[in-house]
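Next up, some structures in C-alpha cells.
In what follows, chain A forms one complex with chain B and a second complex with chain C.
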Partner chain A sequence: MTTATFDLAADVPKRSSAAGIAVVLLLPIALVNAIGFILPVLNLARMSFNEALPGGGIAETLTAANWTGLLQDRFYLDLIVNSVAVSLGITLATLLASYPIALYLHRASGAWRTFLTVLVISPLLTSAVVRTYGWIALLAEQGPVANVIAAMGFQPPRMMFNTTGVVIGLTEILMPYMILSLMAGFGRLDPKVEEAARTLGATPFRTFWRVILPLTLPGIALGCLLCFVLAISSFITPKLMGGGRVFLLATEIYDQAIVTLNWPLAATLSMLVLIIFGAALAVYSRVLRMIDQG
Partner chain B sequence: MEDNPTSWFMRVTVGLLFLFLLAPVLLVFPISFSGDRVLAFPPSSWSLRWYEALLGNSVMMRAFLTSLGLAAVVTVLSLIIAIPASYAIVRLKVRGSEFLFNLFTAPLLLPTIVLGLAILMIFASAGLLATFTGLVIGHLVITLPYALRVLSVSLGNLSLACEEAASSLGAKPLIVFRKVTLPMMAPGIVAATALCFLVSFDEVVITLFLTGPRMTTLPVELFHHVESQADPLVASVSVLLILMTIAVVMIVDRTMGLTKAFVK
Partner chain C sequence: MMHQTIKGSGVAAVKDPYLCLEGINKKYGLIEVISNLNLEVRKGELIALLGPSGCGKTTTLRMIAGLITPTAGRIAVGGRDVTRIAPHGRDMGLVFQSYALFPHMTVARNVAFGLEMRGLSRAEIGAKVTRALGMVQLEHLAGRKPRELSGGQQQRVALARALVIEPSILLLDEPLSNLDAKLRDEMRTQIRDIQQQLGITTVFVTHDQVEALSMCDRIVVMKGGLIEQVGTPHEIYEHPATPFVASFVGRTNRIKGVRNADGSIGIGSSLIRSASSVKPGDVMVMVRPHRIRIDWSGTERQGETANRIAASLSRITFVGDVIQYHFDVDGSEFIVEESTIKSQAGHHPGKQAVLSWAVEDTFVFGADQ
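Let's turn to the complex of A and B:
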C-alpha cells in the first residue's frame, strides 16, 4: 500500500469523490435492505429465544425452551420428518415429470424451441393462487381427473384435502424451475456423443443410462436442490389444497404467527427452515464434488 | 431420429407432460364462462355471470385498484432506487461491490414465508401493518433484487466507448449519464419495469402477513376467497390476470426478447 501511494496521489481527490457519490447512490437501496431484510431477520433469530406468554404475549428472555420443546414434542418431530419426506417426494416427482421435457427442448431448435420455452416459462408468470385454484377444479370429487379414472373402470382416489393433492399441485408448480435448471445443465450434452454410443451398438436405453444421464447429473442436482428448497417452504398450495388437514412446516409457521399468535414458536420454526436450507445446500455441494470426481 | 422407435414414444410422453404442466392454467378459461353456482368442470351451462359478479364485487374491485396502485408505486420506486445502485456497483466499482451486490439480492434467497414473518414482526411494532407504506416497503424488499440484477447485467453488457467519447468531448458526468448511459440501458429498464410490476402485482405470501381487513391486495383477496369457498369467480379474475401478464410479457418480448430477459 505504501509504495502505491505515490502513483495514486494524483488520483486521490477524484477517487474519494467517486466513493462519496457511490455512497449517495447506494444509500436508498441499503436503507430498504436494512429495514426490510437485515433488521427483520436478526430480530427473527432473536425472537426464537423469547418466551411466549399465554394470549399472544412475549417475554424478552434468552431461553432455548422453544428449541428444546420443538425437539421433544412428538407433533413437531413428525411435522419436520413429514415436511422433509413430502418435499423429497415432490422433488423426485418433479424431476421425473421435467426430465423428458428438458431433454426434448434441448434437442429442439429454432422457432419451435422458442415457442416451447415460452410455454414452459408462462406458468411461472402465473400466480400460484391461480394455478392452485386450477388444480382444485381438476382434482375435485366428480372433477375431470376423477371422471377419467372412473371411465377407465377404477375407483377414483381422494385427491383433495390430503397429501396427494398437495404433491400433484406442487409438482406441476415447480416443474418450470426444474426444466430451466436441467436445461442449464444440459450444455455438456453433445449430440455427437449420443451418436457415437448408438453407432457403437448401444441400445437407446443403454445410451441413456450410461451416456446421457451421467452427463446431465449436474443439472439434475441443481434442479433438485432448487425444487426441494421451494417445496419445503411453499405455503399457498399446501394451505389451499390441504384444507387444514395437511400439516407442513410452512403452514405451521403461518398458523402459529397469525392464528395462535405464538411468535417465538413461529420464529423458531422459521429458523429451522433456514437450517434445513443450509443442510440441503451442504448435500448439494457434496453431490457436486462426487459428480466431479466421477 | 424419425426412424427411431423411441421417438414417437418420447413425443407422446412430452406431449402429455406439457398437458399436465399447462392444464391448471388452461382450465380457468372455460370455467370463467361457467353458468353454474359452484366450481365444476365441465360446467353444465355457459354465461358471463361471473364476469358480472366480479364487476359487482366491491371488495375484489377495491383490492384490484390497490394492487394496481401498489405495483405502479413499487415499480417506479424500484427503478429510482436500483438504477443509481446498479451504476455505483457496475460503473464506479466501489470497494466490495460484489459483496454489496450479493447483500442487496440476498432477500431472494430467503423463503417468502420466513421473510414475511420477519417483516411482520418489525412492522407490527412500527405500526406499518395494513398500511400502504408498509406494503410498498415490503414489496420493495423483493422487487429491488430483481431490478438490481437485471439493470446490472444490462449495464455490464454496454461498452464504455460511447460514454468515454461523450466525456472526452467535454460532457459532464451527469449529462453523460442522462444523454448516453440511460438511453442505452433502455431495454434493461423495460425488462426491470415489467419484472418489478409482475412480481409486486402477483406477490402473495409476504403480502398476506402485511395486509388486514382495512388494506388488502388482489392476490391476497383471491387467496382468502379460494380458502373459504369454491365458485367460478376466481376463474374470471384469473383470466383477466393471465391476459394482463401476457400483455406485459409481449411488451418485454418486443423490446428485448423474452428468453433473454428471463432465462439468462
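Let's turn to the complex of A and C:
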C-alpha cells in the first residue's frame, strides 16, 4: 500500500486477488493430499471389493465377499473387538499417566516450564522402534523390572510377548502426544477459578472433581481421540512386543498383505480401521458438543 | 526512607477488633513483600487497602483468604487464629478482579457452589440463591452461562456467589477495575449499599483513590510492603502523614523549599508558613491545586492566616469541568484548579498574579521522607 486512502471499489479486487493467492498457495498441499492420500484410499476401497486369487493375484471382479466373510468370521470379529478394547485400554492408561504431568506443566512457568516441555517432547526424537527395543530389554524375562519384582519376593508376571507388554510399550510411546493434547486443551483452566472454589469451601479433592476436571474435559477428549487413533493403527510396537502372539488389526493387515499376499482382505481390514477412525471422530465431536452445552 | 510500620496519625489498633493481622511478614526467597504488617478491623467495617501495584495490598488480601501463607505473623478472625487454616476452612467470600466465575456452570450453579460445599439441602440452596441473585438484580439471568453475561453482570454474580455463603469477611480484590467508568460508579454505590445492609466486615483492595475515599470507612495506604497511614478518608485526605500519601491520595503540587530556623519556609524569594513541624533544611511543600486562590489584580489583601506568593502564568489546560492554570514561581511550578464557568475571562501566559492558600492547607515534609 502506497497511500493511506483507499476506497471500496479499490478494495474489492484486492480481496478477490487475496483469495486467488490463497488458492494458489493451497494447491500444492491439496494436490499432494489428493495423489498421496485420497487416491490410494479410493484404490483400497475398490480393492476391498475385489476377489483374492491364490498366490497373491487379484481378480478385477466386483464382490462383497471380503466384507461378508469378515463379518461372519469369528476370528476377525474377535480381532476387531480385541483391537478396539486394547486401544481403549492403552488410551486410558496413557491418560492416567499423562494427566498429572500435564497439569503440573500447565501450572509451571518460565524456564522451568520450557525445560519440562522439552523433556516431555524429547522421546519423540527417538524412533518408536528404538524405544520398543528399549522396553523389550527392560521387560524381558531376566530384565531389570522382573529382577526388581523377584527381589521384592513376588513372582514376576510375564510382561513380554503378550498384551501387557504391548500396553506398557504403547502407553509410554503415546504419552508425549497425550500430554501435549491435554495442555492444548487446558486453556480454560484459570488458577483464579480454582482459588475461587477453595475460598467457597471446596476441599482440594472436590475442587478437582467439580472444577478442574470439568474444565479440562476438552483436553482429555482431544488427547484420547489422538491416542486411540495412534494406538489402533500402531504396528511396530505390537509386532515387536507382541512377539506374534498378540493379534491386532494393524499386525493382521501386515500379515495379510506381506505374508499371505491376500491384498483384497488387507484392503478390507484397512478400510475397517478407517471406519473405526470415523466412529472415533464422531464420538469426539459429540463429546465436545456435550462439554460445550453441559 | 523512614521504615516505620505506622507512620501516620491514624489508628491501626481499634477497640474490639474482629479481624486482626499481627506482625505479618511475607518473603519470596530473599524478597520481602510485606514487612511487619499490623492491622485491626472492626466488625461491620469496610476498609480499603490502597496503594500502587506491587505495594503488597493483594498479597495481604490473599493471606487473609488463606491462598498465601505468611512467612511470619498471625491472622485472627473473631478471636480464632486462622493463620494455618486452609482457604476452604476459613469461611471468607472472595471476589476477584477477573470475576473467576466457573465457566462450565450456570449463574445459579455458580452461586449455589459454596452452599453445596456446605452440604445444605436442595430447598435451602434454591431459596438462598434466589435471594442472593435478587440482591444484585440478576434473578432473570439465573440460567445463563457466565460467557453470556456482560462484565458488570459477571461481577455481580461473583459478588452474589461470595455473599450467599454469609462469610465472616468479604474480600474484594480490585472488583471494579475491569468495568467501564459509568458502571464502576454504579457498582461502587451498590457494593457499599449491600455491605451496609448486611453489616459485613469487608476488606477492599484498590489502587483507585476515588473508590477508597468514596466507599470506605477507613483507608490503609500501603507502599512497598509497608503501611504508610491508616485513617478515615477525611484524615487521609486532609492530614496526610507522608509525602507519598499526600501525592497518592488526591492531586497535589510538589514544590521544593527551605525551612528556616524561625519556622518560615522559603520558596524562591517568597516566604510561607505551615502548621507542620519539620526540621530546618530542605523540605517538600505540598498544596492541593483546588485549595489555591488566584488573585489576578494582585492587590487583594487576605488575612494573616493565608500564604501569599507572586507567580506568573505559564500555561492553561482546559479539562472541561475544571481549568488548570500552571504558574511559575521562581522556577517551581504551581498548578491551580478552578471550576469552569461559561463566562470565564481569558488569561494569557505571562500574566502576573498572586496565589494564596490557607496555612493549614500547606503540607510540609522533610526532604528525606
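Note that in this section the second predicted complex is superposed on the first by the 258 of 294 C-alpha atoms of A that agree within 3 Å, B and C clash if a C-alpha of one lies under 4 Å from a C-alpha of the other, contacts with A are read in each partner's own complex, and residues count from 1 in each chain.
The working rule: a residue touches a chain if its C-beta (ideal position, glycine included) is under 8 Å from a C-beta of that chain, and two chains touch if they have at least 3 such contacts.
Values in this document were obtained by computation on a predicted structure and should not be read as measured data.
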Just checking: does A:226 make contact with chain B only, chain C only, both, or neither of them? Give me first, second, both or neither. neither
Of the two partners chain B and chain C, indicate the one touching more residues belonging to chain A. B
On the A-aligned overlay, A:265 touches which partner chain: chain B = first, chain C = second, or both, or neither? neither
Report for A:136: first if it touches chain B alone, second if chain C alone, otherwise both or neither. first
Partner chain(s) touched by A:95 [first = chain B, second = chain C, both, neither]: neither
Could you tell me if A:29 is touching chain B, chain C, both of them or neither one (first, second, both, neither)? first
Does the superposition put A:18 against chain B (first), chain C (second), both, or neither? first
First (chain B), second (chain C), both or neither: which does A:146 touch? neither
Residue overlap on chain A between the chain B contact set and the chain C contact set? 204
Chain B residues within the chain A interface of the complex: 1, 4, 6, 10-11, 13-14, 17-18, 20-28, 31, 39-42, 80-82, 84-85, 87-89, 92, 94-95, 100, 103-104, 106-107, 110-115, 117-122, 137-138, 140-141, 144, 148, 198, 202, 204-205, 208-209, 219, 222-223, 226-227, 230, 234-235, 238, 241-242, 245, 249, 258-259, 262-263
Within the complex, chain B is touched by chain A residues 18-19, 21-22, 24-26, 28-30, 32-33, 35-37, 39-41, 43-44, 47, 97-98, 100-101, 103-104, 107, 114, 116-138, 140, 142-144, 169, 172, 175-176, 180, 204, 229, 233, 235-236, 239-240, 250, 253-254, 257-258, 263, 266-267, 270, 273-274, 277
For the complex, give me every residue of chain A touching chain C. 188, 190, 192-193, 195-204, 206-207, 210-211, 214-215, 291, 294
For a test of understanding, state which residues of chain C touch chain A in their complex under the given definition. 65-67, 86-94, 96, 98, 100-104, 113-114, 117-118, 158, 161-162, 165, 171
